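Below are two complexes that have chain A in common, paired first with chain B and then with chain C.
Up next, the complex of A and B:
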């Protein structure tokens, strides 16, 4: 077993075991455990990434039993990119949570369990383990929301319904695919489907069910209503994880099913109506989400509506996945946007949460002049917003660039118009959120004294994510190369 | 010769160092405590001075020996971030780095004792980073990256005072600039997909020339998107609305905005677009130059007319910028070698003249509290040095010899006669008359106007209003420097390193 194969298993098992262990430890020890696991996962992901950059897909059959019998783990370029983003964001948020006085003691078990679930989804080679991983992510995420106190219980319950219903649809879809192909392994199922044109209707139905289920988890408009209260009312360290990472798991599975299950020749064209439907809802999400974000008066709901809008971008590019000369560019674009959003939105939410802990409110009007007292947090948020608007240099820009060029290649001009409109609207809500913090004077006079610990660890975490937003902006070429590893075409 | 100054391996790194220099300054300044004035000033001044020296060291190699130091880093699939030093880049970067040094000195004096200095100088340095990046950008994508960066970082500068009025002005600015930026982005995307990645090249990029022959309609559409987007920053009518409102910014910001940063970045983009992306021949054959020329002519006249109607000093200067900056566009679109040289030289001349005027406006406002043109009455006696500098700048704007403005207008006039559009000469004459009509009354007020106190008050006040006021040295010295440059560029226009000669050299390259 090579180091990379070992890390493939460990990247799931280490946080899972740590989650169980955390429940038994005293509170301070949990923090240390969390930070230690974060460092370990970063290291393991790094090992996997090295293997992937070298052009190899890492595979591991647990217990030596190959698919379809055993559990098969597989890390291709797509997996490693999402693993890497999760490890980076997860590590920063873990440090934030460990340094914050407000972290609930149940946070550690739930978050480490959630992390294990995310990694399980990303490295899973078969559909059933994907389902199990998603279920673990969903349930821990619901519990994490509920840590936000009494006000967050109702949103958490609503989130629970959606998560379970979405998983159920996914499970039915997976069951259909197993019944047609006789295997759970993604690659094997795709081979069987390619050889059996008569199974196409069942596969189409299965994919539709899976897509609808995952769209609920992704909060694609019009199924977005649960996301805003859930993400906005969650604790400071949880909102970044929910918006940055948790919804990415559903996107990952969706891309896996669309691009890997269907063989690129025939079955995809049958998906055209579905793809166009998703594109239309995505376009509506970009516009409505952005306008709603513009109308918010508090930071966290604004960030949550921004997530609704950003989810829309990914779906806007779905019709392009069906076009032969645009599919690759659109795929790179979606992945770049999703990764960029993971980092940038985590930074925004972390900053908003930081300010909420410092001032007891996230109402923008009350936070006027906060930039003077907490320059690191506000700067970090600004950089995150640069990424969310999609300005260079950020993955948001790279993603939009790729989608725009793909749209030109496929001559879908409406996508260009939509990208332009979305960019301007997001600049609008970015200014709405930031200008008072950065430029106006504080409403309570006489407190101009800068608080002594403004260079504290939580503030550094926020600006760290902000800096990552910019630095990863140079990774566009790397992403394109990584996606070549184990690509569906 | 250059190998004496830089080892050849280090040469490609120089443009990166130039960009990194002001970026580092910004990163150092942002976390500084408000009261560390001395440390902040040192970081600013050292970075600015190093940059001027680097530019000076590059000139012999790039202009004399034809070297093109280039740095490329992979950015998007198939497209690199490219920083390249060519004569035009050096021309613009030279302007921006010299004026940055002077504006920094001015700003340190201007903001003394005022709040939020770390934020101000941080964004100020980022603004210069963007300007340097724009000048060294070697392809459209790199240009776009820094162009958008410039939009972002000037927003907090415009809104610096944080009151409702400046926030509103900054919001208007951002709307215009981002809208223009999106148009440029769409144009770049479209052009990249149809003509391949576009590297700036003297005489135009080959891919664009092919596109222009195979599908001229598309090429024209893309040109409209790109030029339209850049016209926002260069304040071409009717996209100029943001500029006069942005006057609420602190004086050094206005000075920088009008002389080197935002407005100039837009014009510089148009120059690059016409000369180095499409190539002037291709652009001429596509027929896109004449509409741009007409738009620029309209802007020149309209801007002057509006300036004439303003009673506030800064607003009058703002509309004057609208008018003057379009001279550059006028020059590069009139399709003659002399005209292109005239446009390019005005890129620099307008910068040094307008920054002089804004420095003076800031001085008058700070020392005398003068905001309206009528407040300037009698200022010549109280602030003789500032008034003298203002007079030089104003004469330059009108185009009187021996100032830089005269050289610009002379060269533009030669170009107009040499070009297919001799009527542009008429535009120049009318505009110069209008310039005189709105600048001469200001100059008259300065020197010969009786101050209001003279008219109303008794003898004791009279004596007081006639005494010289203290003109702060940190504000006055940069002003006198730029005023001196204005005269020098006019008197010594034929020295080999004078802006005019370099502009002619670049223009010869454009026409091959």
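Up next, the complex of A and C:
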């Protein structure tokens, strides 16, 4: 067993063990455990990344039982990219939660369990195991929302219904694939499907069910109404995890199913109507989500509607996945946008939560001049918004650039128009959110002296995510190279 | 081919489902009738699983779907009604649309399903070959705790986290937020509204349930049954003891929810320990493989049975504790008797 194979299991089992132990520990020990596990997961993810850079897919048959009897864990380029984004954002938010006085004591168990679930989804090579991982993510995410107090219970319950319904649709799709292929392993199922053209209708139906189920979890318009209250009413340390990481698990599974499962089976070309439908909903999400974000008066709902809009971009590129010469660029674009969004949106939400904890409100009007007291937090939010608009240097820019070039190659000009409109609108809501915070007024006019908060760890966490938004912006080429490892083509 | 009994079961399942889901504007009935429909549905579903020779699934359905979920639904349905004034004019539209959409989906699904040639699961042959190495004789237990042990581990973690979340949210409950609900729970908590007959019935049936639960656990290695079914039966036993007020104090963590002591009391600690022990030991057992250079979750045939048995016993305890914790989260902290118990415990601790 190599170190990379060991990490493959450990990225799931270490946070899961910590989640169980945290429940039995006193509160201060939970914080220490959470930070320690964050460091460990960063290390383990690094070991996997080294293997990927060397051009190898890490694979492990659990228990020594090969598929179809046992479960395979598999980390290719796509897995490692999502693992890395989760580890970076997760580690920063963990430090924020450990330093914040407002962290609920049940946060640690639930977040570490959620982290284990996210990693389980990203390294899973098995369809049913993917479903179990998504269950772990969904249930803990719902509970994390509910930690926001009484007001968040109704959004949490609604989120639970959506998450369970989405999972059921996924499960029916997986059942259909098993009955046709006789295996749950993604690679083996793809091989069987490729050799059986008569199974194409069943595979198409299965993929449709899986897609609809996952789009519910992804809050693709018009199934987005649950997301805004859930992400906006969650505690400060939770909203960044939900918007940045949790919905990415569903996107990951969707990409896995669309590109790996249907590879060369002929079902992909039959998916064209579905892909165009998703593209249309994605375009509507970009426009409506951005306009709704512009109309918000509070930071957290604004950030939540911005998530609805950003989800739209990923789906706008779905029709391009079916074009021979544009698929690769569109794939890189979707992944870059999703990774960039994970970091930038986490920064924006973390900053909004930080200000809400500091001032007791996230109404933009009442936060006028907050940048004077909390320069790091507001600076971090600004950098996050740079990433969300898609300005260089950020992964948002890399993603939009890749999708735009792919759209030109496939001659889908409407995508260029939409990208431009979406970018303008997102610049609009960025100014709407930021400008009042940068004014030379004080949000607490009574106090004569303004103490600038340069030392607080939570503020440093926010600017840390903002800095990561820029630093990862240099990694566009790396992403393209990593996606070559274990690529579906 | 389908025999008459299968047609009867299918019709019964449809009727029961209709009673559950049809709205009151189409079928005038009360919530209790709906719950009864649900209980009937779960009995019929268990029988259908039996007809399909899936004894393990039938047992799980009867214990979890029928027993525990049914109990929780009865508890909620007999509470105060808090219906919103619904728009009567469009009350039928949503269910009709939903039913139509469901019917269309089923037709499409069935036509695709029936048209393709089914493939037998590819794991049937390797399962028979590999089973002797696991130390268990029953195929389903082999799948759950050896071949796909990872799935079982994650599923047990889901239940553990659900129970811990429910307990944490229960602590969050703001007293006095909902007076009508509180008064309902006040009379419902079992401390006031239990009869002597009920109490004796529970006392008499408790040993039988305990035996049944343990039998399901240990029979699981060679026959149908296992941690999930056994845990459900044991949780039902705990809930009955709790409702009848006959539970020993260490089994009735009445002050689990008191915000100031947060699970730090003895019953609370037992509860949390039982909840997490299964998952913790499962992961540590999974680490045995990497320690000797094997993959995660692999066990040498020499001690595979010992590991599986230990994990299964602890998982059973965890599942029972988890389901019991979910039930406790339904109850209200301010029910009668709680305060006196708390005082008594405090006095006991100070002594």
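Going forward, the second predicted complex is superposed on the first by the 477 of 489 C-alpha atoms of A that agree within 3 Å, B and C clash if a C-alpha of one lies under 4 Å from a C-alpha of the other, contacts with A are read in each partner's own complex, and residues count from 1 in each chain.
Here is the rule we go by: contacts are C-beta pairs under 8 Å (C-beta built on N, C-alpha and C of every residue); 3 or more make two chains touch, one makes a residue touch a chain.
Keep in mind that what you see is a predicted model, and the values were worked out from it rather than measured.
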Item checked: Clash-or-fit label for the pair chain B, chain C on chain A -> fit
Next item on the list: Please indicate which partner A:140 is in contact with in the superposed arrangement: first for chain B, second for chain C, both, or neither.
Entry: second
Note to self: In the combined three-chain superposition, what is the angle centred on chain A between chain B and chain C, taking C-alpha centres, to the nearest 10 degrees?
What the structure shows: 160
Notebook entry, point to check: For A:474, is the partner it touches chain B (first), chain C (second), both, or none of the two (neither)?
Noted result: first
Margin query: Looking at A:63, would you say it contacts chain B, chain C, both, or neither? Reply first, second, both or neither.
Written below: second
Checklist line | Chain touching more of chain A, residue-wise (chain B, chain C) | finding: C
Next item on the list: In the overlay, answer first, second, both or neither for which of chain B and chain C A:54 touches.
Entry: neither
Check: So, does A:113 touch the first partner chain B, the second partner chain C, both, or neither?
Finding: second
Notebook entry, point to check: Looking at the superposed set of three chains, what is the minimum CA distance between chain B and chain C in Å?
Noted result: 37
Checklist line | Sites on chain C touched by chain A in the complex | finding: 108-109, 112-113, 115-123, 126-127, 130, 146-151, 153-155, 157-158, 160-162, 164-165, 168-169, 172, 174, 177, 262, 269, 272-273, 275-276, 279-280, 283-284, 286-287, 289-290, 293-299
Notebook entry, point to check: Of all residues in chain B, which touch chain A in the complex?
Noted result: 30-31, 33, 73-77, 116, 119, 144-145, 148-149, 152, 155-156, 159-160, 162, 167, 170-171, 174-175, 178-179, 182, 185-186, 189-190, 192-194
Check: Quick one: in the complex, what on chain A touches chain C?
Finding: 1, 5-6, 8-9, 13, 16-17, 19-21, 23-24, 60-66, 68-71, 104-106, 109-110, 113, 116-117, 120, 128-129, 132-133, 135-136, 139-140, 143, 146-147, 149-150, 153, 172, 176, 178-183, 188, 192, 198-199, 201-202, 205
Item checked: Touching residues (chain side chain A, partner chain B) in the complex -> 332, 371-372, 375-376, 379, 386, 391-393, 398, 401-402, 404-405, 408-409, 416, 420, 423-424, 427, 431, 435, 438-441, 450, 455, 474, 476-477, 480
